[in-house]
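Take a look at the following structure, please.
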Amino acid sequence: MATDPRAPEPLSLATFTQGIWKENPVFVMLLGLCPVLAVTNTATNALAMGLATLFVLLCSGVLVSLLRKVIPKQVRIACYIIIIATFVTIVDYAIQAISLDLHRALGAFIQLIVVNCVILGRAESYASKNTVINAFVNALGMGVGFTLALLCLGVVREILGFGTLFAIELFGASFQPWAVFALPPGGFFALAGWLFLFAYIRKRRAAAQSEETHVA
Amino acid sequence: MSPDSHAFIFLNAFLINNFVLAMFLGLCPFLGVSGKVKTAWNMGLAVIFVMIVSSVCAFGINHLLVRYNLEFLRLICYIAVIASAVQLVEMFVKKFSPALFRTLGIFLPLITTNCAILGLALFQTNREYDFTQCLAFSLGAGAGFTLALVLMAGLREKLELADVPDTVTQAALSLMIAGLLSLTFMGFAGLGG
Amino acid sequence: MFDLLSFLRPSGTFSHGIHPAENKHYTAHMPIRRLPFAPELVLPLSQHFGAPSEAIVHPGQEVVRGEPIAKANGFMSVPLHAPATGRIKRIELMPTAKGPRTPSIILEVYPGDSQEVRYDFPRDYTTMEPADIVKAVQDTGLVGLGGAAFPTHVKLSPPKEHKVHTVLLNGCECEPFLTTDHRVMLEYPEDLIRGTKILMKALGAERAIIGTEENKMDAVAAIQAVLPADGSIEVRAVPTKYPQGAEKMLAKALMGVEIPSGSFPSSVGLGVFNVASTAELGALFPHSQGVIERVVTVTGPGIEKPGNYLVPIGTPIGFILDQLGFAGSANTLIMGGPMMGGSVSSLEVPMTKGSGGLLVLTEQILEQQHELSTHPCISCAQCLDACPMHLNPSQLGKLAYKHRYEDMQSDFHLMDCFECGCCSYVCPSGIPLVQYFRIAKSSLREQAARERAAAS
Amino acid sequence: MSTAGHKVVLHTSPHLRETPSVKVIMRNVVWALLPIVAFSVYQFGISVLALTFVCVGTCIGVEHVACRLSGKQSTVNDWSVTITGLLLALTLPPGFPLWMAAVAAIAGVGIGKLFFGGLGYNIMNPALIGRAFAQAAFTAPMTTWVPIMAEDRFTQFIPSTLTLPFLRPESIQPWLASVAPDGFSGATPLALMKFEQVPTESLSLLLGSTAGSAGETSALLIMLCGAYLVYRRMMDVRITISILVVAALTTTVFYLINPDTYPGPLFMLCSGGMMLGAVFMATDMVASPVTPLGVWIYGGLIGFITIIIRLFGGLSEGIMYAILLANACSPLISSVTQPRRYGAPSKKGTG
Amino acid sequence: MSDETPNVTAPALPSSRKLITALAAIAMISGLLVAVTFQVTAPVIKKNQQEALERAIFQVLPEATVAANFQLEGGQLTALTAEQFADANVFAGFNAENQLVGVAMEGAARGYQDVVRILYAYDPAQEGILGFTVLQSSETPGIGDKVETDDAFLANFNPLDARLNEAGDALANPIITVKNGRKVNPWEIDGISGATITSTAVANALNESAATMLPTLMANQDALVAPKGTD
C-alpha cells in the first residue's frame, strides 16, 4: 500500500473511543441520519437498529480489511457495497426470524442500512487501510457510538411520546404523552435539541477553560 | 380518491407522506445540499431523474427475481443495478448534453446510493405497485423531495442574514427548520381521503 | 404604505416616495433678505463636483467683488469669484461640510467698502453659438445649486449621440423646511425665464417645462405671468411628495419616461436643471458675472430668526448663527435639508455654492428619534413601499449588516440607490439603512479602485 | 446668543423620521387584540382569562429568561412577544389545560422564535408554531370543545383547565351534561360541516355564538379590530384581502359544482380560524414576503391551501397549516418577485 | 477534446480479467452467504408469520381454539391447508367442540394518515361483527390508536349488526360511523370524539369488506368446516 497516503494506524484506545465521542457518526459527523430519525420513536427500535448497524459495521469492516489486498482499487466501491448488502440481507432475515413485530416497526430501514453513509464511509476510509484487529475495534467503536446516539434519541422520544421506556410504563395511566415526539417532527426536534445541548456544553466548557487560562 | 389511484400515489409521496419530512428518506443530501436555492433546484431535478431511472430498473429486476424465486437477492441486485444504471445514464447525458450534465452531473454520484433512491425501490416493491403506479410514485417522491429541499434552502438563505444564537450550530438549525417543515406538512394528512 | 389604489390614481408623479411633514411655514412667506458680510470669508477651492479650481491670487493681494480669484482646472471644473472686496489673507487647509480639510482661500472683507459689483461685461446670448455659450457658462462658475454642485456647463455638453429636446427645470424643492427655490421662483421669475432660454439655446432644445410641487402655486402664478408667448416654456405643478425633486422622479412625473439605470437624463433627450441655478444663470450671464452669493434658507426649530437670506459664498456658519440667534446649547447643523443634507462638524465650515439650506435641529428633537434605533428588520416592507427607485432596502440592509456588499451590488442593485433616505425615514425598526448603503458603496468603490490599481 | 461654547452634534441623514416604531406598532396590535380577548372571556368565562394569562405570561417569561441566559438585553418590552401570547391563547380551545398551554407557549417562543435569533428572524409565525406543536403533542385536548355562555362560567373553571401538569385532562362529559343538558354536539361548525354536512347559520358565525377556539368566534369583531389596525396603517391589508378573496373564489367553484356537499363562501370565510388567521396571523410581517406582488401571492396561497385542506384534507380546519406553509414559502416568493427597479434595462438589453 | 474537464491520465488499469474475477468472487461469496441465511431463516420466518396471523385470529375470536384457512374467490369457498395461509382470505375459528364460533376476514380503508388494515370477526349465527384488531396503521399514537383501546368504541361490537338483505346479495344496512353519542341503530358505530376519522376508516373497512364478502360467504356457509386431522 505504498501509494496510500495514510499508513495503517497503530491500535490504541482512541481507535475505539473516537467513534463514540470525538467522531460520533450522528452527533458530530451527521451521517446516517435517516435511520436515526426514522426508527427512534421507541428505545427498543433504536436499540435494535443500533445493534443491526453494529453487526453490519463489524462484519463488513472485518471482511473489507481481510480482502483489502485482494480487491483491486478500481472496483473497490462496488465490492464494498456487495459485501455490505450481503450482511444487511442477513440481518434483515435474522430480525424477521427473531420478531416480526420488530421487523415491521423498523420497516425498510433495516435494508436501508446498505446505503448508510457511516458504513461505506468506514469501509472506504478505515477498514480498507488498516489491519483486521484495528478495523474490528474501530467498527465496534463506531457501532457503539451510533447505537448510543440512537438510544439518546429513542429514550427521549419514547419517554415523552409514550410515557414508557422499553415498553415499560413509567408514570402511570394518567400521564399525558406528548405525541409529537412519536411523530416525524419530534424526531427532528429531538436531534436538534441534542445538538443544541452539546453545543451549549461545549461553549460552557470553552468559556470555563478560557477563564482558567486567564486566571493562570 | 382510491388509495391505488395514480393521483393519490403521487399526492401521498409528494405531500402527505413526504419522502424527506415524514418518511425520513434522503436526509443526508437534504441537509447537505440545501444551502442555496439554485443548487437545491438542480439537485431536486437530479433526484427526480434518478428516481425515475431507478424506479424503472427496480421494477424490471423485481420482475425477474420473482420469476426465478430469487427474492433474497433483491437488495444486492437493486443496489448494484441502480448504481450502474445511473452511471450509464450519466455517461449518456455527459456525451449528448454537456449543459445538462453540468447542472445535474455533480449531484449524481451523491445521490445514486442514498436512502431516498433505494427506499423508493423497496417501497414500491413492498406495496406491489404496477409499472405506471411506480412512475407516479417516483415522480411524487422526487417532487416531494424537491419541494422540501427548495423550501429548506429558501429558509436557510434567509437565516444566513439572521442573528442566530451562537449555540445553535448549522446542523441544529437545519434540523429545526426541517422539524418545523415536518410539523407544517402534517396539515396535509388525510388529503384526498 | 400599503398603497392599494395607487394604480388607479392618475399619474403625473412617480410611484412610491413619502410625505414628510413639510415644515416650510417657518420661511415660505419670508422675502429674500441680504445677510451682512462676515469679517472673513472661507472659499474652498473645491466647492463642486470635479477637479478643484486653481487659485490665481496670492496672499496679501487685494480683490474686488466679482473678480475671478481661481480658474477652472480643465473642463470638469469651474472658476471662483471674489464674493466681497477685500484682501486675500491666506491660502490654507480649512474644514468643509464634507469633513476633510481642503485648500481654501481666506478673504478678509473690507468693512467700509460699499460692496457693489463693479465687474460687469455685457453680452447677448441670442447671438452666440451654443459652444460659446457653454464656455461662457463655465466662466460664470455656475454649478448646480440643487445640491449636487455639478458644473452646469458640463450638463450643457451632453454626449454626441444624445439629442436633448426638452429642458426640465426642477423647482420641486421636495426637502422639508427648505424654501430657497420657492422664493427664487416667486421673486426672480424673469431671471428664471432668461436662464431657461439660455439653457435651451445652448442645448438646442425646443421645449422647456418648469416643474414644481403643488404646494407652491403662488410661484406657478408668478412664473405664468412672464412666460414667453410662443409656448416653448410651460410651468406645471406636480403632486407634493418626496423625493419629487430627484431628476429621475421629475422626468417620470413630467414626461412619463424613466431615465435608464446608470445613464444621464440626456439619454432620453432631457436636460434637468435646478430653478435657482437657472435664475442665477439668467441674472449673471448677460453681465458675464460669476457666482458670488446664493439664496440660503436658514431655518429649523433651533433658529431664532429663520428666513431666506442672500448669503455671500464663504460665509462661515458660526457667523450666520451669531447673526440669527439659535436655541439650545447643542445642535445638529445640517447643510441642506433634513432628508439628504449632511451635518457639519464645525462652526468654521463656510456656506458654499451647493448649499441651499442651513437647518438647525436641537438635540432634543434628535434624541426623541434615538428611541427608534433598537430592532432588527421585521420585514414590514414599508421601505419597499417607500423606495422611489423600487429597490429592496430591507434585503439590502440585511446584506449590509452581514457585510455582503458584493451581493448587494450584483443581486439587489445597490448602485441604483441615490440615497434619498425614504427607506430610513419609514423604517419602524430604526435601521440606518442609508448609512449602511453609503458605507457599502464606498467600500465597493474602494475595492474597485484597488483592483484597478492592481490590474494596471 | 453667542456661538462660543456651542456644541455641534453630528448626525447622518435622514435626520428626521416620523414612523411609529416597532414598539408602537406592536402595542397597537395588542390594543386591537384586547377586545377579541374580552369577548372571548365574556363567552367562555374565567377559563379563557386564565388561559390568556398563562400564555402571555409564559411567552414573556421564556423570552426574558432566554435573553438573560444569552447575556442580551431583554426584548420583552417591544411587545411583540405579548402579541404572540395573546394570539396563541386565542387559537387554543377554551378548556385547554393550562399546563399544556404553557408548553405550547414555550414551544412557540422557544423553537419558533428565539432559536432563530428572536424578533425579526423567525421563519414562521411563533404563535402558530406553538399551536401546531400543541396540536401534534396533545391532539385530543386540542379538539375538545365546550359550549359558549355556560351558566356559571364566571365562577367556575372548565374542569379540564386546571389539569395538573403532565397529567391527562379528566373527561369533561359530566360537566358538559350539567351545563348543556339539551345535548351539546361537541363539534365546531367546521367539523359539523365536514363530518356531518350540517351547516351553521351565517349570523351565528358573524356574531360568534358557536363553539370553537377561544378567539375564532365572532368574525365581525375580528374584522372591526383589524380595521382599526388598517386605519392606523399598521397591518398589511393586502394579505387579508387576498386570502379572503382567493378562499371565497375557491369555495365558490366547488359550491357551484355541488352545493349539497360543499359549503358556500360565506360559511367558509366566517367559520373557524379563517378570520383571525387572515387578519392577525398571516399579516405577521416577519414571516411574510416583502415584495408587493409577493404579498398577493402569499395571501392567495394561504386562501387556497386552507380551502383545500378544509374540503379534502383529513382535518376540518386548515388555516394554521396553510399559514405555516406560506411562511415557509415566503423567502422563495420574495426572491422571485423582486420589484422591477426604476430605470431597469428592458429584459432583452441585459443579455 | 471538446470537453472542458482536464484530461487526467488514468492510472494504468490492471487487466480487466483481474477486476472481473475479483468482483465475481466477491459476488459469489455474498450470494452464498445470503442463500445460506435465507435457507436457515425461511422456515422460522414462515412460522412467525403464521403465528402472528393466528394470534390475530384468536384475538378477534377469543372462543376459538382452532383456525382453518379458506379462500373465497369467484363465488367459491375453498379450504386451504395450514401452510397455504398466505393465500387465504377467510379464516374460520372453531371451539373445542369443533363448532364454528366465527369467521375472521380482512378489511382496509383510508384513515387519517394512511391506510388502516384490520382483521375483523363475523358471526354467521348472529349475523353481526364481533370485534376487530388492527393489522397495520400509521394513525397518530394517542388518537387514532384509540380504536383498539377505547372501551366505549369497542362496545359497538357486541355485536354490530351486519345482516344481509332479503335477497342475500348485499348488506341490509350500510355500516356507518356517527358522531360520538349519536348512535341509535345497531348497525351504526359510535365514533370516538377526536378520532372521528379513524373511526370512520374502521366503519368503511368493515362496510366494504362485509358487503363484498358476506353474500358469497353466507351462500357457502356449509363449506366452513373444521379442518380434519386436528386435535
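Here the chain labels run A, B, C, D and E in written order, and each chain numbers its own residues starting at 1.
We take it that a residue touches a chain if its C-beta (ideal position, glycine included) is under 8 Å from a C-beta of that chain, and two chains touch if they have at least 3 such contacts.
Bear in mind that the values here come from a model prediction, so they are computed numbers and not experimental data.
Taking the definition of touch as given, a chain qualifies here only if it contacts chain C and chain D alike; those chains are B.
Centrality by C-alpha centroid: the chain sitting nearest the overall protein C-alpha mean is D. Relative to the C-alpha centre of chain B, the farthest chain centre belongs to C. The chain with its Cα centroid farthest from the Cα centroid of chain D is C.
Once the centre of each chain is set as its mean CA position, chain C and chain E turn out to be 84 Å apart. Chain geometry summary: the mean Cα position of chain A and that of chain C are 69 Å apart. With each centre defined as the average position of its C-alpha atoms, the distance from chain B to chain C rounds to 60 Å. Between the Cα centres of chain B and chain D there is a gap of 34 Å.
Shown for chain E are the residues in touch with two or more other chains, namely 30, 34, 37-38, 112-113, 140, 142-143, 197.
Each of the following residues of chain B touches two or more other chains: 72-73, 76, 162-163, 167-168, 173, 176, 179-180, 183, 186, 189-190, 193. Contact with two or more other chains is made by residues 78, 82, 85-86, 89, 93, 179-180, 183, 185-186, 189, 196 of chain A. If you check each pair of chains against the touch rule, the ones that pass are A-B, A-D, A-E, B-C, B-D, B-E, C-D, D-E. For chain B in complex with chain D, the residues that touch the partner chain are 37, 150-151, 154-155, 157-159, 162-165, 167-168, 173, 176-177, 179-181, 183-193.
Those residues of chain C that touch chain B in the complex are listed here as 376, 398-399, 401-402. Across the complex, chain B meets chain A through its residues 21-28, 31, 72-73, 75-76, 79-80, 83, 113-115, 117-119, 122-123, 126, 166-169, 171-173, 175-176, 178-180, 182-183, 186. Residues 112-113, 140, 142-143, 179-181, 193-194, 196-197, 200 of chain E are the ones that touch chain D when the two sit in their complex. For chain A in complex with chain B, the touching residues are 30-35, 37-38, 78, 81-82, 85-86, 88-89, 92-93, 108, 111-112, 114-117, 120, 180, 183-189, 191-192, 195-196, 199-200, 203.
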